[in-house]
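Worksheet: one structure, shown below.
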């Protein structure tokens, strides 16, 4: 996987460890719940990740977007589905989401190129 | 269908007609695009409506929520799927979405009761 | 002027009086500053009100929108200018601004009809 | 207590019951966590409610504001403290919070008058 | 023009090309519409750019701000007008816009210095 | 104090000086007011800074968060209080605040380590 994403993941892990070293149980429970809502259920995991990505796009949270773009790619969301999701986010959230649309496509492109290299 | 939803739809139509009576083509094109992104494609219409609902929930737009809850119900989203979507919106958007979660459930309940009556 | 707008203005005045009955000087200073920034300067008052309306639209604050739509109308903003301002707000802020676009047009229509009646 | 607040509380309870009648455990856990973070701890309950109110003000959530204004009043927040909290919210969140500042003061005034009546 | 702005523009172009290499017509149409609303009309282009900047300021989108600050400068917005626009954005959006006000002034300063150099 | 924070403070000062070199009195008055609301009053300064931090967290403004985390540390907010404040912000604002929670803890950790070094 690309360098930018690897760095993002490592820093994310380092900081999650720091946050979760707290004795505060409410913070820990929130993090547990945050994982739990994307797990297998009536809605397939792939679509749950797409819901998470759409929500992150319109709220314009770059770290959340990077996380869910990566997860969507892992869950085999197609480029066409990604395009349609982005078009919905763009129309709902407006042109202020465009910088985030750009960065989402940049990461997707990196993931696709990396996969293409591996599969050679 | 329930009275509150019927009134909402009638008022929405009256105001859409007023907005679209403008000569401004950009506004009209935006409204056209807003319909188009939810139409049939790589993502099934049902899931597109769910993406629209998730985005509306975290952006806390009651009219948008009412519209998409109604559309999700029409597209046969199950109560379990609705619950899971709401749990994602709640976790992503936080407790400030709770008043909107409440109103979404109120409308869903109205739609479900109305359907139950009709099917007797 | 229409009844809805008159009621809005009266309630707004009643509550402003209540807020400003405080001894807290910071709150009073903020309200003073809030008026001052829209006063005559390098940017004509009309365009300042349009800036205030555009900001209120994308932040989706109905009371702020009502106030600035009324002020824009007083400052002789034309329907064409109003349309163009709305098209910018709609594109920047996305479809979640649509309910507010609707209500802005509703108020504008009320103001225009009221003016037409008076000028007969 | 005043009628508006009583109605708000009754409707809030009715809808909370509806939401929590779900089988979805994540939603229930979120509601539990939402109560838990305001409970007794290193920060006194009074200040926790003030933190909740400040957050609700800048996020402009009227139902959340009503809930926390009522709780702050119960926790004996003084009018001077309420004023200072509002001045911080106003400066952080800007003039778009003013409609919410107005409604917060309206509710506070109702609570104060009701208390005065009772204590006669 | 300054280096930071040139880099921002080049990266923006690279990513826009990537996004627009999609086959999704809705995304392309949105980008077209996003350009169209700022074009010549009843509102002079200069004021349209100022509306775009005010909206971007209160929504706190740095890339959008950089784009519109640059466009405002091109459209001969004066420093006094820029100051007044910023004062409105600051009052409407509150102190959370201050980091963006800072960066807007930084870019404006860079543009002004660059122009001064060229005109020597 | 750590390098990142020192750099942040220096850049913040440079840009504040640039903004405040304006002749626009409204901008200057806003900055004055922004300082004034956190000064000594009915609410202790420590809790005012905590209110500012909670508001900055849910509005997801990294520069505002860095400023108030630093101020909270100076005002002797304990780690337990910081944890409880973060748990409230997290629950009110949802998982989209997590990247900001991470960065707040990172800065807190830096401040704590720096203090530990000094006190040896």
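Residue numbering begins at 1 within each chain, and the chains themselves are lettered A, B, C, D, E and F in the order written.
Here, a residue touches a chain if its C-beta (ideal position, glycine included) is under 8 Å from a C-beta of that chain, and two chains touch if they have at least 3 such contacts.
Worth saying up front: this structure is predicted, and the values here are computed from it rather than measured.
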Using the touch definition from the top, list the chains contacting both subunit B and subunit C. A, D, E, F
Is the C-beta contact count larger for A-E or for B-F? A-E
Kindly point out which of A-C, A-B or B-D repeats the B-C interface, defined as over half of the contact pairs being the same residue numbers. B-D
Which chain lies the greatest distance away from subunit C when centres are computed from Cα atoms alone? A
Cα superposition angle of subunit C on its copy subunit F, in degrees to the nearest 5: 180
Farthest chain from subunit B, going by mean C-alpha coordinates, please. F
Computed distance of Cα centres, subunit D from subunit A, in Å: 33
Distance between the centres, which are taken as Cα means, of subunit D and subunit C, whole angstrom: 28
Residues of subunit A that touch at least two other chains are 26, 30, 33-34, 37, 55-56, 58-59, 64, 80, 83-84, 87, 90-93, 95-96
Does the chain-touch network form a line, ring, star, complete graph or other? complete
In the complex of these two chains, what residues of subunit A are touching subunit B? 33-34, 37-38, 41-43, 47-48, 50-52, 54-59, 64, 78, 80-81, 83-85, 87-89, 91-93
Contact set on subunit F toward subunit E in their complex: 12, 15-16, 18-19, 22-24, 26-27, 30-31, 34, 55-56, 59, 61-64
Which part of subunit E faces subunit B closely enough to touch in the complex? 26, 29-30, 33, 36-37
Flag every residue of subunit B that touches subunit D in the complex, lowest number first. 60, 79-80, 83-84, 86-87, 90-91, 95-96, 98-99, 101-103, 105-106, 109
Touch list for subunit F against partner subunit B, complex: 58, 90-97
